[in-house]
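For clarity, chains are labelled A, B, C and D in written order, and residue numbers in each chain start from 1.
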Amino acid sequence: MSTAVSTSGQGAGFTKLSRLQIARRAAEMIPDGSFVNLGIGIPTLAANVMPEGKEIVLHSENGILGVGPAPAEADRDRDLINASKEYVTLRPGGSFFVHSDAFAMIRGGHLDLALLGAFQVAGNGDLANWTTGDRRFPPGVGGAMDLAAGAKGIWVLTDHVTKKGEPKIVNTCSLPLTAPGVVKRIFTDIAVIDVTEGGLVVREMVPGLTLEQLQEMTEPPLTLADDWKELVVA
Amino acid sequence: MPIDKIVPDVAAAVAGVKDGDTIMISGFGFAGVPNDLIHGVLDSGAKDLTVISNNAGTGTEGLAALIGSGRVKRIICSYPRSKGSDQFDARYAAGEIELELVPQGTLSERMRAAGAGVAGFYTPTGVGTDLAEGKEVRNFEGRDYVLELPLRADLALVQAYKADRWGNLIYSKAARNFGPVMALAADLTIVQVREIVPLGDMDPEAIVTPSIFVDRVVHIDNDREWDI
Amino acid sequence: MSTAVSTSGQGAGFTKLSRLQIARRAAEMIPDGSFVNLGIGIPTLAANVMPEGKEIVLHSENGILGVGPAPAEADRDRDLINASKEYVTLRPGGSFFVHSDAFAMIRGGHLDLALLGAFQVAGNGDLANWTTGDRRFPPGVGGAMDLAAGAKGIWVLTDHVTKKGEPKIVNTCSLPLTAPGVVKRIFTDIAVIDVTEGGLVVREMVPGLTLEQLQEMTEPPLTLADDWKELVVA
Amino acid sequence: MPIDKIVPDVAAAVAGVKDGDTIMISGFGFAGVPNDLIHGVLDSGAKDLTVISNNAGTGTEGLAALIGSGRVKRIICSYPRSKGSDQFDARYAAGEIELELVPQGTLSERMRAAGAGVAGFYTPTGVGTDLAEGKEVRNFEGRDYVLELPLRADLALVQAYKADRWGNLIYSKAARNFGPVMALAADLTIVQVREIVPLGDMDPEAIVTPSIFVDRVVHIDNDREWDI
């Protein structure tokens, strides 16, 4: 587990989670026995920090069920990579299949959960994670739209704000949508937020962060859950 | 907690089957028919069932027994009448069972559509025939196609060869037939297997039905020849 | 190979082929290297009488490529049957697959040829082979409509006339169609007939049969091919 | 005559490729990319090509080299931009290559449709997004779906692990990816394999791509690491 880094320039007394810690917190909350897709970016890191004592089956869009953690460098196999093109391993009970079957699993509603990255998430669960809209760069959709449309639940794993400090959790996505109204939970480097019919509900915040501070970095109004907890990663 | 889809017996395997359920049953002819599971459904007493299966049962056991019990109100299949399909034939002649006849490729593709999140597809099969009557016909690139809709089920009863505790399956020869595609299309996929193997024992390249499609597995070591 | 039987009651000096001989003649004419589906009835018999020296890969709708001949009784395997529910074997190079893939092969145009049975064939290639229209008996379509719509070529294997002596090759099918205009060649117990744009062309007749006799048993007008031959089964 | 789909070299494997062809290329990231066959196409001089592939090539070899040659006028893919996709990025920025971006599941399902005789299908993927613009949207049971059409190719270039002379294929781990579905969708399926085995050597239960989908097989024993 990498060390959390202090935020700089915000003058605030809290420490942001690393990417791996975001992935770890999401991994901890996955119900035991789930079949879960890990999308490109922070989500694929989760395979390396799955909690002990639970049996969760990880799906990769490129035709793998039962993805295991990254191998030692000597054990890397160029035929065994995940959606982020990182080397992975296969757990006992795992299987390989053709792309069209991988997406039959996705679109057919067979996955309990998909963990995805995001450029923007709106207060109503709209997700934008495939194009910055900058026409100089080619967009890349990959499996994001299929996952957003097909998995029973969508959790987003993302930094809370952009590199420029702008909110990524917004009233309305300014970027083209991946799918409307699909996100159920947002794991950021400072909070865990549920998307509910009544709006965004903060379940966890990193120690030292106040709701006011979090609200300043978030466009839609936030409510603090009665049973909110400090966001601490094991 | 380790995932364990293996249940102790047939009764536990079919637990929850209820009146009015739609049930897919694997098999083509006598190969790959989950006879023990069918008799589990029979023993459950569930009625007003819709059965989706390629054939409509032969002999006195298995699907023929279920149909003979009068608890199947409707069957969706491609080829109901065979040598020995007396139970079905009698009920059909008496108007006691409804028949939806579906071309075999359309039958399996409608199952795949249901399992793959496809809401409809255009097939050339059946165009210009009675079986396309009342269905939307649409021309693509100069050829007519029929719109077919997904076929789902509450339960799929599947016979396979081997399973592990995650529910990965391999089959035996032509007994594979409809099993893998029915496993996609049902809310609850129940499998009877001849052998249970330890997790990791199956070649990950050769698994036919990955674990994600299977809900319950029951080991049937009494592999007797049924009158079907 | 079973012995040909003499026709009775027609007073004609020709001998009809057995079902196995019909299958054999069709098998002889399959181009080397073809991938061919054998439908229910006479067609599945062809697997037992494939010509030596050619390599033809037989497909069965229930998920087999590389179907071989019937096994000895002691070697029968209840998991290995063909479309007619007869015991078969698998040749080296054969494979098993799910029904939906078996029909992807069929509908997708991957089969060079399908050999089918028929109740009626019309002069324009219309095929009727799935229901007698008698409402007392349940109809059965099986894979016939998929094969008729999907295979690159359709050959029909059938008796020339019904048990009552009525023509099965007709001007217009009175029975419900399996598919319009798909039949390319008809193998009967007395002739081999091509369905062409210019009408039915007789390629082969059993020894002793005249065109006039054949025409009497056939509704649409027949033309004799310039290079017609006696229908003799090796 | 024995069926023998094995050809002696890459040039024979890609023989017949011509200007204007549409070519599917297997692979996801660097796994399962038929680099030798891609260079065969490059060496053939064919131009005005349309490439269908999940990614758009990285590094200096393989698909990146083909795109860099300026002979690809159009690419249909789901995820063109990756670390190292400089060849594509430059051509795209210069307006020298056309891009049709297709969601990955729609991409593979459109291939399957082409290979399975399906003229169109309704998918929930992309509804309400820019990628569904101009496409028919239809409501089934209260949910919107987009009509997607089959995706065919003149050639499919596929990398597999083992083949026999009939063209049966098995793959290696996640290098399987698009290979089996591209093999369905192309008029001519050309495969490079690491190993050729005698007919009958493969387990008939474990064959992933049955022989019927394969046209030519070439054995590449030089399994070097490409700059991709």
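Following the convention adopted for this analysis, contacts are C-beta pairs under 8 Å (C-beta built on N, C-alpha and C of every residue); 3 or more make two chains touch, one makes a residue touch a chain.
Since we're looking at a predicted model, the values are computed, not measured.
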| item | value |
| --- | --- |
| Chains in simultaneous contact with chain A and chain D | B |
| Between B-C and A-B, the pair with more C-beta contacts | B-C |
| Identity of the chain that, by mean CA position, is farthest from chain C | A |
| Mean-CA-position distance for chain C and chain A (Å) | 58 |
| Centre-of-Cα separation between chain B and chain A, whole angstrom | 37 |
| Approximate Å spacing (C-alpha centroids) for the pair chain B, chain C | 29 |
| Rounded Å distance, chain B centre to chain D centre (Cα mean) | 33 |
| Sites on chain A at which at least two other chains make contact | 90, 96-97, 103, 106-107, 149-150 |
| Two or more partner chains touched - positions in chain B | 109, 112, 116-118, 123-125, 171-173, 176, 204-205, 208 |
| Contact pairs between chains, per stated definition | A-B, A-D, B-C, B-D, C-D |
| Contacting residues of chain B [partner chain D, same complex] | 109, 113, 116-125, 138, 140-141, 143, 145, 149, 170-173, 176, 203-206, 208 |
| Sites on chain A touched by chain D in the complex | 60-64, 77-82, 85, 90, 96-100, 102-103, 106-107, 131, 136-146, 149-150, 176-180 |
| Residues on chain D engaged by chain A in the complex (per definition of touch) | 28-32, 54, 56, 78-82, 88-89, 92-93, 99, 101-106, 108-109, 111-112, 123-131, 171-181, 208, 225 |
| Touching residues on chain A, where the partner in the complex is chain B | 32-33, 35, 53-55, 57, 59, 65-66, 90, 92-97, 101, 103-111, 149-150 |
| Chain A contact footprint on chain B (complex, rising order) | 1-3, 112, 114-118, 164-166, 168, 184, 199-200, 202, 204-205, 207, 210-213 |
